[in-house]
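First chain A sits with chain B, and in the next complex the same chain sits with chain C.
After this line comes the complex of A and B, so read on.
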């Protein structure tokens, strides 16, 4: 059970809320309070648009515990329109194959059950092929 | 027998209210009714719909409500902190105890200065939340309130309901009439204790009271609610360009529409059950989104929900000239309906958690 951690990360997980550096305007995800670009303090919240493209990907057949109910699934490096690259599952592809450069958008989905069916349900961001431009 | 003293009275807030934003959601997967028939009846017998929408493994009423809510926010173009209520009506809330609404409110940035609660009234939980939102905004207690109807309905394997129990719904943001895409002129509700459909707390699948589901439940409540609303408003079917009724299958809404004097053309844009199934608390509301995606300024819409147990909420809605410019700010209901991947019964059984794993 990691209830405190789930609670602390909810904003970034549910809505892709990161930070923007007040000094150099670099957009930061995940939030780390220090700008990786200029090294200054960066604590201003910034909600990412959720739009991006697949930078690289791999498909998982043998999943870590807690994630095995949804195999097989694809994990991608997604380059967000605002710059940062995030690691996330892809979802809702149907028969659409994954391709590098594929435009994707963020959706909030069920990640896993924490523990068993008595534990809390963990929600977070995934990406899917863009529904509509 | 106590004779009712009060004549049917319209619900009409002192401050005029309307819909300032709306958004639909339908999951990607589809199960054809003929595929259910293949497994259970050797393919024989009539089919109540063409196909139903099935949620993916990582979807539930919380995730689906979040997407519909984001679509509604995109059209409303308000700051989420201005929402004074986030209310979600469903009969498939993921938790028995722990609100769906707080998580949805958190995800769209509406916390912490807001009401949040889950509503339960079978298929009319969503429209009941709309009536409450009319009251909250109409009284001036807040400027904006969100009401969602969303379900991932379950049918017992092989039961008649398995053909139709679908997934989807819609979110509506109510606000002042002068900012509205559609003004709600009035609503009227008709409610009695009727044993047509229920589910006990520990039961996975619902039960239905067979002969109680049609005439004394669906048809009686919808007809009474619609008739009282139109009588009190001085309208009849011909005054409405569009109408949408709760839709548990294709036949019921077609029949009740005809009885009330509405044509096929009037109900077509809102009749989505043939291609997404019965979305329970979402059914009438997502039907309304189908109409809003097409309606023009000046059009009048009648919406009547039905929830087992039982009751109906009827609404008299007038489209304003603000709708046209806003509807393209989010995906339309047909965009979701056209995005479809057909699955077979085995995949459906896995997706809906019908396999005993331990």
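After this line comes the complex of A and C, so read on.
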């Protein structure tokens, strides 16, 4: 179930809120409070734009419990425009094949079913190909 | 300070042991190692295990195994570092004996994968990554490795079956190891035509997880039993380092800094050079990790690790023999027990008892036990000492 855990992470899950280092300006996601660039404390919140590109990816057929119902699914390392890389599922691709360098943007989707009788559903970020207009 | 010797080794075959429970597996390896060491009894047990609390609903392995082995009264604890648990337990045993506070230590690696099946096992394995930012996205170790391999292929110019050499070498060596899970070899055609399981990996790029237990008796050189093996093996280097837990936090996705640090420090302890190393037991849970291990330790330049395998340099009679008893791919991959299996196999090589798999005149082995995609690296150097 883990309700407190998912509640605690809602800013990250729903709005990609990370941090920016006040010392060296490095943008940080996921938040970690110590800047990986300069080693100083970094607690200033920073909301990422949700834009980025696929850095690497794969498709999984043998899923962990809680994810079986959506198998197969594609997971990517997405390099955000602001710098950091984030791990996320890709969605809304239709017939479009995944490629390294493909521009993507964040959307909010169902992440997993906890699968117990209370049926808690976890929502969070996934990425989809940038819609062409 | 006295040398730390590995004077007894024991192991069970790696397999799907449906009929053997966690405690029985552990006891088989413990009994085997104590017997091999001439019957000396340990004062402490260091256990490398990753998933027993999850897959077997069993924590507190120290008390369980000491009790079940008739060794109550001694000290016994579990050491956990994902798939590097075995190497991490060996390091704790080494530190204990080297310090002089423990005279004889038993290092046990044990993993029971088959108490659960399918998606429950994948969910358990996923706990070795970052729960909040990787596992929640449906990421498992297979996903991490496949994304690493995808990027490697993207950045480096290589043939489509460039990774085949790792599986071919491992399976060839598996044919000569009676305790290996796969002993019938593998042909290139089978590799090349295998279905992709997690693009770009196929089934032969993924080591088969199974059950197993292996054990070592560590003691000081001045306490060796009266009927020791003619060729004794000592621990000539030991080191461990960690990197970021999550793959996405790496500065460089294609370089295992923790492996480089652990190997470098272990070698520096007695000034061992790369050319002194006769065999390298790497952590080939996935082909890509074998390639990156060769590059991170320095046996290959970046982007060329796969080439050592493709050109036969890692075979038994090659420049740097790897996975000499089948590696994780063919001997089988018993999770957190793996690092102890590697040590058992290296001792067999250094004693000159490896049969058709014998590396000629082997006197120095490098072991790499790895957790996650290079998140933990534990390295040991074993060398011979005639008595």
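What we mean here is this: the second predicted complex is superposed on the first by the 129 of 133 C-alpha atoms of A that agree within 3 Å, B and C clash if a C-alpha of one lies under 4 Å from a C-alpha of the other, contacts with A are read in each partner's own complex, and residues count from 1 in each chain.
As a convention for this text, a residue touches a chain if its C-beta (ideal position, glycine included) is under 8 Å from a C-beta of that chain, and two chains touch if they have at least 3 such contacts.
Just so you know, these numbers come straight off a predicted model, no measurement behind them.
Once the two structures are superposed, chain B and chain C can be ranked by residues of chain A touched, with C on top. Once the two complexes are overlaid on the shared chain, A:36 sits against chain C while remaining clear of chain B.
Of the two partner chains, chain B is the only one touched by A:69; chain C is not. Using the contact criterion defined above for the overlaid structures, shared-chain residue A:91 touches chain B, although it does not reach chain C. Of the two partner chains placed around the shared chain by superposition, chain B is the only one that A:10 touches, whereas chain C remains out of contact. Of the two partner chains, chain C is the only one touched by A:59; chain B is not. When the two structures are aligned on the shared chain, A:104 is found in touch with neither chain B nor chain C.
Look at A:80: by the touch rule set out above, it reaches neither chain B nor chain C. Shared contact residues of chain A, touching chain B in one structure and chain C in the other: 70, 89, 111. Interface residues of chain A, counted against chain C in their complex, comprise 5, 9, 12, 30, 36, 55-68, 70, 73, 75-77, 84-89, 100, 111-112, 122, 124.
Residues of chain A that touch chain B in their complex: 10-11, 14-15, 47, 69-70, 89, 91-92, 94-95, 107-111, 120-121, 123, 126, 131-132.
For chain C in complex with chain A, the touching residues are 118-120, 122-123, 125-126, 130, 132-140, 142-143, 146-148, 150-151, 154, 197-201, 246-249, 251, 253.
Within the complex formed with chain A, the residues of chain B that make contact are 27-29, 56-60, 62-63, 66-67, 94-95, 98, 103, 106-109, 331, 335-336, 339-341.
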